[in-house]
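The first chain written gets the first letter, and so on, giving A, B and C; residue counts start at 1 in each chain.
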């Protein structure tokens, strides 16, 4: 049980990093609270696995300190950090039974047989593995194997944090949801700090209390799923989260108005004249083709069943908008209505606050 | 699943013809000899199962000789397996994981494997001599009277050391390939689980080496079971008959004494034994191929 | 960490010493050799090598060996390529049995075949020619090549064959233009191992020759039994037999295990 503090952690794989580009992970400060579930979300190569490896001790950070409950563990080897990890591919000990697998970490720490057996049963019952306890672990399905790897971590009383490295990669699509619910249940039952690495936003948003969005070795935003959706701090977050992602249009902003290719959009607040490259962002969920609004060209309408999405152009700039349930679009001309409070202004990709 | 097409036989035909010529035809000659007796001058007489009965009867001259050679050969195979397999695993575990050190290691290790077998014999014939060889001189320097040409124990010792020198690298390279196929996550998981070095070996590395070890053990068994050239060059099968293994004995019988019937009967029994081991090998291999997990 | 280093270095040293000793001896005079153990040639000489390269009874041995080894490699590959393709792409009547039968030939003791080969090749008039040895070595090299090539070919996705067929390639053109380049590595490895196993074999090569096609290995054993051992010459001859392996070892280092294990690693 622990709180994890990343104090100025940064990492470069090369020997003498000079520019930002040399860093796989740029300096970051984060505090992860005991009992919460965090997801590290980002595309491949964004540094999330490096970060996970720093926490597990596989990688030594180039600079910075890693604290578990205020104790500096930066130099400690993996086995003395009291963490558990579930890997992308199920890691189980082929020659042992399920019970043998679960008992392995306890036996390695010299725990007595009776206590081992009690702990193993407790963990197995929580993960629903009681029925297969005496079966060879080798022959089980991938999702059962992932439960075993998780169990090997949970069986220890002193686990500070459980790390998940894209644990659902090899699980059948139909079973992913079930295993994820099991993880959630375990999290609620055990009050553990869990860190979950994934590039799948659905997994991240459904699993985590707090999502850490990363790109290019930087943490771009830490927030609840709702915050990431409603108020993306960075254009990347807006675009990466949500399906389809946020529309981003080059614009000029003055006062409470934004101009996009000659068209004027009303904003909810007053903005100081922003410096750098200015964009306005709006999620397709809040841009609707309706009876009145800005004139747009309709390129295509995709019927996704639950919702209809239109690919339209405002002047020269393409964007995606929702088609209102009862709206009938004729020809290629349509009107676009955007909720002013849902329009965000970005300057050099960073969210600007209204005055 | 591969499609079924019997026309594939056309592609196999050349191999089939070559094997027919180089394996089946000769074996038929052997079968033919094995049931006959000759008194020279190409005069042959039907001898039925006579040679086989004699061969498998330990009290007869032929049977005694055959069983002695077989026994020596089995002891030899057992000893070199007992040394080469653990040593090969140990070396594989010590090999570097990459870089130029690995390349150099691989090259040095591969060297003995590519030495012509008679030259392996020559190398050790010289190297183990007390007067002009470093190894022989060193052993004698330790105060041990060591002369492979005059002493059966020394001859065995030389032949075994030579085989270990010649072939351990094969086991090591196989094991190294097996170790490389283990994903890093296993080692990481073992560290998290607090496993010591021995536990890692016992629970992760050894199980994953099973496949390559089966191949290694069978290859080494078969090849040591038909060893001829290396001991022939070093000891010539002696002193006495102490290092006369099956192949050496068979060649003596066939090409030395031209005892065709006896040699043919011995060939067939010998071949049958390797065929049996070969079948075990094939079965093990196809099962392991089938059970092979897709490695990420 | 250091224990691992030490074990490995000891092992590598133990592997190199006997070979070093051979090389060392090949540069010594017989007087120096028989005078006792010396760790390096005190009066280095090339006389042994000069003798081999100028005496036809020596260098012809190398030519003979190379001749049958090259014939055998070409023959083995030519037969094995289509067969390996058949095994990797199709199921057919008796495929498993044939595959096993091939393997059993790789595992058969050459000593069993020495006598019948002697009779067979005498009967067809090939005795004491390179062809006899080249054909005899097919016994174990053809199966070896089939097994190795099959392993490499199975790694090439079958979709490639199908695509080529759809694109209108005839089978021979597809095989030569598209497929063979894809498994070039495998062909190289198979060729190397055919070469090697033919090169290192002594028993059959010695049995099937008397004068004209006598391989270097047999010439070396003859020298051993001659009175008054010429150690330096023997060592030089031995060193020269290491060359083919030593020359290509760098290129095949990653495939050594695969070749010895019949492509099954």
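The definition used in the following text is that contacts are C-beta pairs under 8 Å (C-beta built on N, C-alpha and C of every residue); 3 or more make two chains touch, one makes a residue touch a chain.
Just so it is clear, the model here is predicted, and its values are computed rather than measured.
Counted as hops between touching chains, the shortest connection from subunit A to subunit C is 2. Chain pairs A-B and B-C differ in how many C-beta pairs are in contact, and the one with more is B-C.
Averaged Cα coordinates give subunit A a centre that lies 56 Å from the centre of subunit B. The geometric centre of subunit B is 16 Å away from that of subunit C, both derived from CA atoms. Those residues of subunit A in touch with two or more other chains do not exist in this structure. Contact residues of subunit C toward subunit B in the complex are 4-5, 7-8, 11-12, 14-19, 21-22, 25, 33-34, 36-37, 39, 75, 78-80, 82-83, 85-87, 89-93, 95, 98-105, 107-120, 135-136, 138-139, 142-143, 146, 158, 196, 199-203, 207, 217, 220-221, 224, 231, 234-235, 238, 241-242, 244-246, 249-250, 252-254, 256-258, 260-261, 264-265. Subunit A makes touch with subunit B in their complex at residues 56-58, 77-79, 83-85, 87-89, 91, 93-96, 104-105, 108-109, 149, 152-153. For subunit B in complex with subunit A, the residues that touch the partner chain are 183, 185-186, 188-189, 191-196, 199, 203-204, 207-208, 296. Within the complex formed with subunit C, the subunit B residues making contact are 2-9, 11-12, 14-16, 18-19, 21-23, 25-27, 29-30, 33, 90-91, 93-96, 103, 105-119, 122-127, 131-135, 137, 165, 169-170, 173-174, 176-178, 212, 215-216, 219, 222, 225-226, 228-229, 233, 246-248, 250-251, 254-255, 260, 263-264, 267, 270-271, 274-275, 277-279, 281-282, 285, 289.
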